[in-house]
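Submitted below is the structure of interest, expressed as structure tokens.
The letters A, B, C, D and E name the chains in turn, as written, and every chain counts its residues from 1.
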């Protein structure tokens, strides 16, 4: 599977997650977000950027509670909640935000 | 991803059978009922055959090798010679039908090929045709059929709609175990690279990184640090788990899902708090950081390759014995395969609880103790100070995981623990618990997202029983001793029985555990206020 | 072979040539003619020896086809007569099945093991009898006996021509159907030297009819509506 | 559901084993009877029915308890019987089972029992009795089992069960009527030849059956977590009171008719049973005990103040039960045979083997009842609104062991 | 379809025997040759199959655990459903083989208004028990025909079997029960939709065949009344390897024998082998003691594994960074100081260097 964007073909898995992490850039992220029905705002980017930073270090998306806690630390208590994240990413931060951030979907007993 | 119908629609299950016979009814791949095909890199990682980019949709080219039929038949032949179970189960089924409505996937889908007898017949028909005199001569009359691509795809579709839960086996007069047939069926499919992505990924992760989520050592450490912070917030006590520590008395192995996903992390916090309170000389391992054995969803050989790490690590670290966490298939593997595969573990000692002195005779060969046995023993000897009222806001029921129930028989230990750590315990109807328990619907590698409808349907009988106690007694917490349960049941509950949460047994143990030097608790492990404290504030 | 059970019953109504037949069998017992104890014994023994009646030597187990008892017991309801001849009071009466017109025993039998023939004889099929003893409760004459135990060891001398019975079945007097079929009178009648008259009630010229029309007779418990067919000529004291 | 009877506490198994032992003894003596013949009993040519048929007669009455619950519950929608009604139905099953067994052991040729079916004889009341009894057995098994099964599944019982329940009401009346007709239709048995025989049967049945049910309900409440309901038990007590009153009244009618008419045949049996006849009177003490218990229990039951006290209700129920057991189990049958058709008195008293066989059959009945009640109680405990705390029977027992 | 086919085959078998005996006079074929062939096939076939199963390895202890495991001494083990000893296994197998314990558990599920309920469903068990036991007793009764003098247990059996004295010769209850049970088993294949759906010709055929065997047996005992003396002469001839064909034994007897022979021949090639297989089922005949006693796999072979060293090689730096002890003594220089410090922080002893 995959998608075409700006004349380039991007390979994805069956659920639309980028296969090659290097393919990612902000434009691609915007494109994926659009398909998900999300208009990327500053708040959205905060999450995506955190995810990418975390991934760079740990090779996996963070646990949701780490995400929440870190968001709280970095951007204030009003942003450190599950509700806030769901407001940004209605299909769930783990699924939707990771997809936009170009990370692979965590697979397993989670 | 397929849209999942509403519960009201999904629960209208049509058990009407097709007019035509099952051999004449070709398999139909329904969206939401099957998983993606395995990605090539996962197969490559473990040197599995036929790695390629492919789609598991029925109509697409599955990119099989030219001689796929020969591979399948040879694979069958080899396994007929290696497993008495396989040959016997192929031979002696009388099709009495007792197993038919025992399978949660049949009950939830109404698809006749999910009746265990018919699921077995999918491969038995090929066995008859190619391996028995009657089938070779009489063909369909003797129940035989040609192995075609359609048949192969049917295998793939249905062998990945079976959670290997063994419920059918309990009711079968000859003990025919569909799980065994499914496992061998999957082995054969794997000879052609026909795995699911959800299984192949965790297998590759487990192989390379020691756990199925692919958590690297520092990630594990970081997650634990994070959990330790939460524990400190709740109790004021700092737990200090060690990793890969040589010379520890005990190696603790838990399902890695507990290091990562809620509500498993609360269970993991439970372990940490319990061990800290006991002052247990134990260590975690980042190398053997997975209890669950995703290889066993693939092939016996892969199971063995992954399982290897536990004993190897125990030996390397020089521990005396191994303690295992709350996990389902991990324990089926420990109970039925580990010693045979990778034993004898003569470098370990027969497990003795350092706290109570109890010698775990039942684990004297594997040297591996289930944490429910361990904790039940502690409670029995009065070694834990428990305040069950801290769980008073919970009305709890217990879900026996298929693996621990029917592949081991650990039934009363968790119940004994629960009885001691909480005040409101309610059993689900007896046809749905203990050895007759229903699977969560997502076991044996079915816990993916793309097959959500299958999982919800397969989980329907379990959810139904939960709903019964939920409505009757107000049950709001479904406990279990399995990481797949903790991953799968929240989804299932949200869908079928909103208002019921999911927890591992040791989360509730830790909630009730009165620790030395702890501060007055106002929160449970989920950082939610304890009920009586709220009440006290209101007064 | 080829005869099923229903036909077997019918066959009993098809007389052999030379058999004694009747519209309705009946018996008149002329009590006056029984003079000595021997007269009774002869009659009873004739029956007992032919029919393989066992002698248990204990009244509890007793099998009785034909026997004697006092007037008081034979006719318990008549006994209010306190001033009857003393001789009659002590006199033994020959008792047996009354082969009733309307037999309660047949009415109550749950298996048709006891049945009434067209010629009036009440029969007992010991092979069909389940031993429920309902007939014994129903019979107001005490004419039926039950084999409380295996009778065979208690038969003094077995008559090979007549079947023995097994434990657990009811049996009774049959008016010697087997002898009638051969043209013989019932054994007791034959042995009674004329004290017992046997014949066809429907035949106005029969011996029994003659005896009945020339003597006053009584029957046991006729008021119960059973229609007993044993008539007793009692007579006066001079008969003793 | 039967598997519920295969698991239970130590107390349950002790009880079951005890019953099995009694059954075993009874069976051994039955084998003896089977090979020797019914001569092993106290029965004779003159008293040709005895304790066996007496027990049968009494138990037909016990089987009635069900209908006394079914009528209020199903016809009058008396909800308080919702829990106890199954106990009545299963008691009926057990009682009818015993009835059939008593008939069976009373047979001279038990191996020919099927002759009753193979040669159906509608003119015999015995034939009808076999029919109504088997029918009643079937009805109660099916109704009870299906209701319970549905309850366990969490579904309402199928509609046809209600139809069967309605059929079971007249059917229950029929088993008593037909059983009474066994005796009441025989010429020359004056003691039995009474128009109110069936009515007496019904009255005593509706007293003895529910009385036993009260006792059983109290036991069930004591040994399990299943409570049939205090009010239900009280209500059954009221039923027993009325039925017992009718029963004593009917007995009075018989006594009046016999003695005021002064017909000897009508009086003899009463004479024998209560005062002795021709110098015989083995049953006199028993019959007077029965009579006294009847009067005392009636007094206790009629007065609401005493009836409402559960202990007194229990005592009165036992008294009713014993009184009627003597009356039906001994007096009625033996009285019918004494004096015999010759006006003679031949006395009857059960022999030891006979008594042990009777005990064996009662034990079978008790076993059937135990099993059925075990199933019912287990299902009820499982589906109860107040659940069992935990399913840790095994552990509880093991814990007990360690304490010891 | 499968049912019709099987029915026709059984009818044809009957016709073959009828024509063969009544028209062609092949008594010796149907009375001697075929029975010998059948018995031989049966014995050889069954032994072959059982040996084949018995020789195939049981690589893993896969007992289905149907109850509480042997665990702590104060937890009551389900000794039969989760046996940990040979005694327990024997108990489990005895109950399984003689009383069909697993089938006794059978339930029937029902979906009503979105709710699942589970009801007791014991009729299959009742019919199966009735069928197998009466079949077994019928077989044992037949010993009368193959032994002189007749063993006393056969007489006892016949007395019990004919306990209810119905008809002459006495009706054997097992014959009737067998026929009724097999009829029930057949009818449920017709009328229970799920069972009908899974039924194959090979499921109907034995039922029809056994039904025909029971029917012909009953017919010749109670209705056609074959010459029993002649039958015994023939059967005794067979067992004494001195076969004779007595005159005057009715054709129905040969039909019966032919059907039985067919069953014997069919047996080893069919699902009927479950009779032998049930004893060998590894989910039932193994103790669940695999944590106590090591179960050996005869074909165990070494597999490729990912060793700790390979693992550490990949993650060494990250481990060091995270303060996780490592095995290797050769540390990247830049980590030397930091590593020691971290390990000390974690309170873990530094690995003694060898």
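Here is the rule we use: a contact is a pair of C-beta atoms (placed from the backbone, for glycine too) under 8 Å apart; a residue touches a chain by one contact, two chains touch by 3 or more.
Owing to the predicted nature of the structure, the values given are computational and were not obtained by experimental measurement.
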Strictly by the touch rule at the top, which chains does subunit A share as contacts with subunit D?
B
Required minimum of steps from subunit B to subunit C, each step between chains that touch
2
Chain pair with the most contact pairs?
B-E
What is the identifier of the chain with the smallest separation between its Cα mean and the overall Cα mean?
E
Measuring between Cα centroids, which chain is at the maximum distance from subunit E?
C
Taking each chain's centre as the mean of its CA atoms, which one is farthest from the centre of subunit B?
C
If you average the CA atoms of subunit C and of subunit D, how many Å lie between those two points?
40
CA centroids of subunit A and subunit E: separation to the nearest Å works out as 55
Would you kindly tell me how far, in whole Å, the mean C-alpha position of subunit C lies from that of subunit A?
110
Would you kindly tell me how far, in whole Å, the mean C-alpha position of subunit E lies from that of subunit B?
29
Subunit C: positions in contact with at least two other chains:
none
So subunit D residues touching two or more other chains come to 109, 112-113, 118, 154, 394-395
When you check subunit A against every other chain, which residues touch at least two of them?
none
Which two-chain combinations qualify as touching?
A-B, B-D, B-E, C-D, D-E
Give every residue of subunit D touching subunit C within the complex, in rising order.
36-39, 43-46, 48-49, 103, 106-110, 112-113, 115-116, 118-119, 121, 123-127, 130, 182-183, 185-189, 264-265, 336-337, 339-344, 346
Subunit E residues touching subunit B - in the complex, by the definition given at the top
1-2, 5, 49, 52-54, 56-62, 64-72, 74-76, 78, 81-82, 84, 96, 100, 102-103, 105-109, 111, 114-116, 118, 124, 128, 192-203, 269-271, 273-274, 277-278, 280-284, 288, 290-297, 299-300, 303-308, 311-312, 314-315, 318-319, 321-327, 346-349, 351
Listed in rising order, subunit A residues that touch subunit B in their complex are 1, 13-15, 57-60, 63-66, 69, 95, 105-110
So in the complex, the part of subunit D that touches subunit E is made up of which residues?
1-3, 109, 111-114, 118, 149-150, 152-155, 393-395, 397-399, 401-402
Which of the residues in subunit C end up touching subunit D in this complex?
59-62, 64, 69, 72-74, 76-77, 79-80, 104, 107-113, 128-134, 136-142, 145-150, 166-170, 221, 224-226
